[in-house]
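Chain IDs A, B, C, D and E follow the sequence of writing; residue 1 opens each chain.
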Amino acid sequence: MIIQALTLTLRLAIMVSAILLVIGIPLAYWLAFSRRRWKFLVEAIVSLPIVLPPTVLGFYVLVAVGPFTPLGRWYQALTGHSLAFTFEGLVLGSVLYSLPFAVQPMATSFAAIDGKLLDASALLGASRWRTFWRIVLPLGLPGVLTGLVLSFAHTLGEFGVVLMIGGNIPGATQTVSILIYDQVQALDYATANRTALILLLLCFTMLAILYGLRRHGGRNLWEWR
Amino acid sequence: MIIQALTLTLRLAIMVSAILLVIGIPLAYWLAFSRRRWKFLVEAIVSLPIVLPPTVLGFYVLVAVGPFTPLGRWYQALTGHSLAFTFEGLVLGSVLYSLPFAVQPMATSFAAIDGKLLDASALLGASRWRTFWRIVLPLGLPGVLTGLVLSFAHTLGEFGVVLMIGGNIPGATQTVSILIYDQVQALDYATANRTALILLLLCFTMLAILYGLRRHGGRNLWEWR
Amino acid sequence: TQDITVAAASDLNYALKDLAARFEKKTGGKVTLSFGSSGNLYSQIQGGAPYDLFFSADVAYPQKLAVAGLVESSSLRTYAIGHLVLWVPNGSSLDPQRLEMNLLLQPSVQHIAIANPQHAPYGRAAMAALEHFGLKDKVASKLVFGENISQAAQFVQSGNAQAGLIALSLAVSPAMKDSGRYWELPADSYPELQQGVAVLSASKHKPAAKAFLDYVLSAEGATVLEQYGFRVPPGK
Amino acid sequence: MSDAATSPPGEQLTVRVQKRFRGESDSQFTLEVQLAVAGGFTILFGASGAGKSTLLDCIAGLQTPDEGTIAIGETILFDSQSRVNLPPSRRSVAYLLQSLALFPHMTVEQNVQYGLASLNKADRDARSGDVLESFRISSLVQRRPNEISAGERQRVALARALVTLPRVLLLDEPLTALDAVTKARILDDLRAWNRRHRIPILYVTHDREEVFALGESAIVLEEGRIVAQGSPHEVLQRPQSETVAQLAGFENIFDCSMTGSHPEYGTMTCRIAGSTLDLEVPLVRVNVSLPLRVGIRAGDILLASSKPQGLSARNVVDGTITSLEQRDMKVIAVVTCGPAFEVHLTLGARESLQLKPGARVWLVVKTYSCHVLQ
Amino acid sequence: MSDAATSPPGEQLTVRVQKRFRGESDSQFTLEVQLAVAGGFTILFGASGAGKSTLLDCIAGLQTPDEGTIAIGETILFDSQSRVNLPPSRRSVAYLLQSLALFPHMTVEQNVQYGLASLNKADRDARSGDVLESFRISSLVQRRPNEISAGERQRVALARALVTLPRVLLLDEPLTALDAVTKARILDDLRAWNRRHRIPILYVTHDREEVFALGESAIVLEEGRIVAQGSPHEVLQRPQSETVAQLAGFENIFDCSMTGSHPEYGTMTCRIAGSTLDLEVPLVRVNVSLPLRVGIRAGDILLASSKPQGLSARNVVDGTITSLEQRDMKVIAVVTCGPAFEVHLTLGARESLQLKPGARVWLVVKTYSCHVLQ
């Protein structure tokens, strides 16, 4: 059961991190470099999901994707099933809830890049796209990494949204967090401790490897200062 | 009731943010500049609280501060009351749970500061302390701000830890998040929506003012690039 | 035989696991259990959750679902009646059997844990009992509220609350049985805690769901439930 | 860098811009220039803060002028009227920024090849290899910018700008951090490059040697305005403004008033203010009511230890050496004859004339060594 | 900056360091020097990449030497043996970094006053006001570094280093971005500052003018090693190594072999390889089996249009002008007489001698203008 939950959780966290990379980086880029007047409104909105209690956010998402809204009906018509209580639903909810943790550190890092380097890149004929890939992304990597670690860890730990949207179905939507939560709820502390310990050790190992890599081997990537 | 909960929540969030400033900034400074071999282990540990489900983290904290542990007994002897079900307990739990969200962006920003500037400061006879206040902190301000916004918002929204440690006592430990949660659980959606809306509007206004300030007036502080 | 998914209130954790295991052994059908607070489960069923059977901690939720047509009204049953106990941890010097509800007035009792009366059935029962004994106002400032009855139990069990009004099913559970003492409140001191069950209208495995429901309601099921601290409604 | 055939003259860069920085109450700076730059080196000369970098920034598109037009040949890069404003990446302008702006996370080689994305690897390597070789930095290709010296960084940045094939090249003090030998070598490379490409090159420098080594034409900027333009010799030898004069190295500048004019000889006489000393200077069309200034280079003044006879020089004045100081291979003498003149001599001259402080000497100044400024 | 009384000589900076950069396989750089710097300006001269900045970094404490000792007077800043390593903030060393490193979030004034935290506001303002005034940047005090020009930034950084009262001053190419006039003015300020403080000043420059304007002594670095040391004149006029010779500006360097020696006159004769031309040069103790080189500055060679008579100069050679080119105020002639000589002349000399390509001329080279290198 814990293996199943762990696999599911990792799949979820990796999926969510991947999606947050794909949507978070462009969003962070926009936040860092746009000169629109109303940018600050978007900045504020991006941070909003996390001020709601996760269960409540999950509840609203559940309602939004339910059969009584156009969105829900449209998705149902498209895929033949509802978003709720599926893995995709979990992904949606987690992405929404971890978005600020991913986007904000990335945007901060991007904005801190020396403007002269972006100028130099443009002067060498590089498109925005190339400048992004070759200059902004590598130099903003520490921020991207921070965003990823925070949202990855947060996805592992979050259970309010996941519980609400996923419905705690073992093998399908029961993540390790929910499992531990269940075990604590069942007052089965011994098992809960064991599960929590496994989760903590796993994450600790992953993080330690990541940070250790950054420090030692990964110099090429982000320790060029 | 909502006024009471709002006041309490804001007090909590401000208190937690303040404490995170005080302990997060030195920790971030250490993470950014220390050359200890085992730094990466600390980095990994700092991120660990968030991989646990909040309720479970709350439960562990509850056990830790309970009368059956030395820590709990020591605190009880010192203050005459237990940490559980008090405002201070909430603060402790929230600080623990929001720590990574505060520390990581700060550390990233600090580490990105051009080393030559720190050299220049030292060469002008500035102590580490002065260098920190006059160079590291102002130049790392975007990261500090990001860390603060994330942990502030997260404290507003978090309810698992708070519920567990606080015991949901109206006026004492019942935050807006818990209130909304209770209202949703009681199937009182209309009230829940209203409360959520108030919370969202309040936070949106605060964030918009903050980001707007940074953009327009606050140039002196952090838009010197 | 088909596999079914059962949504159940948290206080059924031990009882249902036992029942499901016995049922699986007997019939070979697989029962997947998904526990949660009844309120959450209710919201989820409204959202179209793919459960076959819903064991609630009260009857109000399944009744509301029946009105909405989300569960089959014909399958709606009361499968068990919950009991409230006054529980103190082993370390406590207070004796619930002797002091009964007056225990709550002892100065050493600073916090009393109950489930949230706004949405948890056991919370509502606890409040009613406090009112019944005329203690409601006297202890109001000592109350702390768990999200559900399990959290209320954790408050006392960890020693942070010195006493709690919790479900008998938890008090006799393996986790708590040896860590505290309890006194069972008289049944007339609070409204009967009827726990309702129903088959979901959207279930794709209704025969199997009904089979499991029948098993729970059978004499054998009743024995198991009793064993875990529930009483089975009379006339069944 | 082997093909030395001179390309035909290419397109011309035309600029007319106005750009104002609004200082915080106290100071304010306005750039207001109009210029056309043909193929080859045009030296941009001017005091620190004269607006040279700002002008280049506007051409490259890093700053937006308040008003004006910028075009390369027929291609309009910027036009405030028709609201054209090409981004820097589409201007085909290579620009060596004063701050270099090397990419800190890339190796020297990656930096230099950054602008060559459209070529295949072999061509890229060939192109960058040549430049790196001739700039003597090919041993550094695998290093990062923070692992090389300042002069090496400057050469990398120059190489990075040159390997692309731009339509206009802007170089903002590209050789300041280099020693004489390395600089001479790179100046040769730049001349060769220019012979092959003949694109407009705007070259900012404070170094008179570079001006004369490279300059086919020169522009002098003073407080955001062009005050002189022409060949380096024209600009620096016939300075019309005091800034240019100082830039051109006039150690002696005197306030004068006109005392007579001899149009038939093309000369006039001026009296140095506060003295009775008359100088014969070239005749120029001046407004007599305005004060005149005359600039004389210290190196253009001859000294003689006895009164010279039968010389073509018209200004011969006797005075006394009040100080004699050696600096570099140069002897700097100050001669007082009413006003004080600074005179630069060779070491040999000091020896052969046996000059000493206090000695009586004759100053010999040719008419055409006196430059009238206004 | 008014008090011009010369302070007594202060403490001495002594340095013995070894520092190696381990390059990625290809190249490797080792700094290995030992020097003592007394009060006053010591010029650090050397090609780009010679290790000048690395040496200053070690003294300031920004880089840690692998081995050695650094001390100011009696105070030990670094000692690898006793494991002393004072942090930069406690070394009392002011260091103008080549990269300037101005604080981007502070105004010019805040930058300059950063090192004056221990003074009260009035003193701070007075101290910084003086320097800013004399560096002509007092109108910029409220601007931030990104709002001023590169030369202005350089002056701010210099001011920031000078206002503190350090025990040692390190200046890494402090005046590169400045025009001649501003530079001359700041050189004056630096000289005045030096007269008042007399602390050891290590001054890196590539500019010979700065060397002679400031230098009381000079050190030449070549590939991390000191190859010459002494007064600027000693170092650059009697160069013992080819690098110094090139730095010192020997346009003419010839491979020679010794053909005779005249110890009684203090001279010897050398034949330029591949020719029959003999030069009389000063006698030096050389290893005859090694090839000799003789360097002659183009400016030290005289030209005569008819064979000169009764001159003290011993080397008189006739040749033909093969090219004649004007650069700046200088005429550069190439004269072939077997080997080719580069000769620098004034414009006046060209005129009076009526020099033309193809003309027959006599080269006159004094013995002591020939420098023997090995």
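The rule we apply is simple: contacts are C-beta pairs under 8 Å (C-beta built on N, C-alpha and C of every residue); 3 or more make two chains touch, one makes a residue touch a chain.
Being a predicted model, the structure only gives us computed values, none of them experimental.
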Any chain in contact with chain A as well as chain C: B
Steps needed, at minimum, to go from chain A to chain D via contacts: 1
Taking each chain's C-alpha mean as its centre, the one farthest from chain E: C
Numbering shared by both copies at the chain B-chain A contact, with half separating same from different: same
Chain pair, most C-beta pairs within the contact cut-off: A-B
Inter-chain centre distance, chain B versus chain C - centres from mean C-alpha coordinates, in Å: 36
Inter-chain centre distance, chain C versus chain D - centres from mean C-alpha coordinates, in Å: 91
Mean-CA-position distance for chain E and chain A (Å): 58
Chain A-chain B separation of Cα centroids, rounded to whole Å: 19
Residues of chain A engaged with two or more neighbouring chains: 55, 59, 114, 184, 225
Residue numbers of chain D (touch at least two other chains): 99
Chain C: positions in contact with at least two other chains: 40, 43, 151, 154
Touch relationships between chains, expressed as pairs: A-B, A-C, A-D, B-C, B-E, D-E
Chain B contact footprint on chain A (complex, rising order): 39-41, 43-45, 47-48, 50-57, 59-60, 100-101, 104-105, 107-109, 111-112, 114-115, 142-143, 145-146, 149-150, 153-154, 156-160, 177-178, 180-181, 184, 192, 196, 199-200, 203-204, 207-208, 210-212, 214-215, 225
Residues on chain D engaged by chain E in the complex (per definition of touch): 21, 23-27, 46-49, 52-54, 98-99, 139-140, 142-143, 147-152, 155, 172-173, 176-183, 206, 208-209, 211-213, 233, 246-247, 249, 297, 299-300, 302, 327-329, 346, 348, 366
Contact footprint of chain D on chain A as seen in their complex: 114, 116-117, 119-128, 130-131, 134-135, 138-139, 222, 224-225
Residues of chain D defined as touching chain A within the complex: 60-62, 87-90, 92-95, 97, 99, 101-106, 114-115, 117, 144, 146, 160, 164
Footprint of chain C on chain B - complex, ascending: 55, 59, 62-63, 65-68, 72, 81-82, 84-85, 163-164, 167-169, 181-187
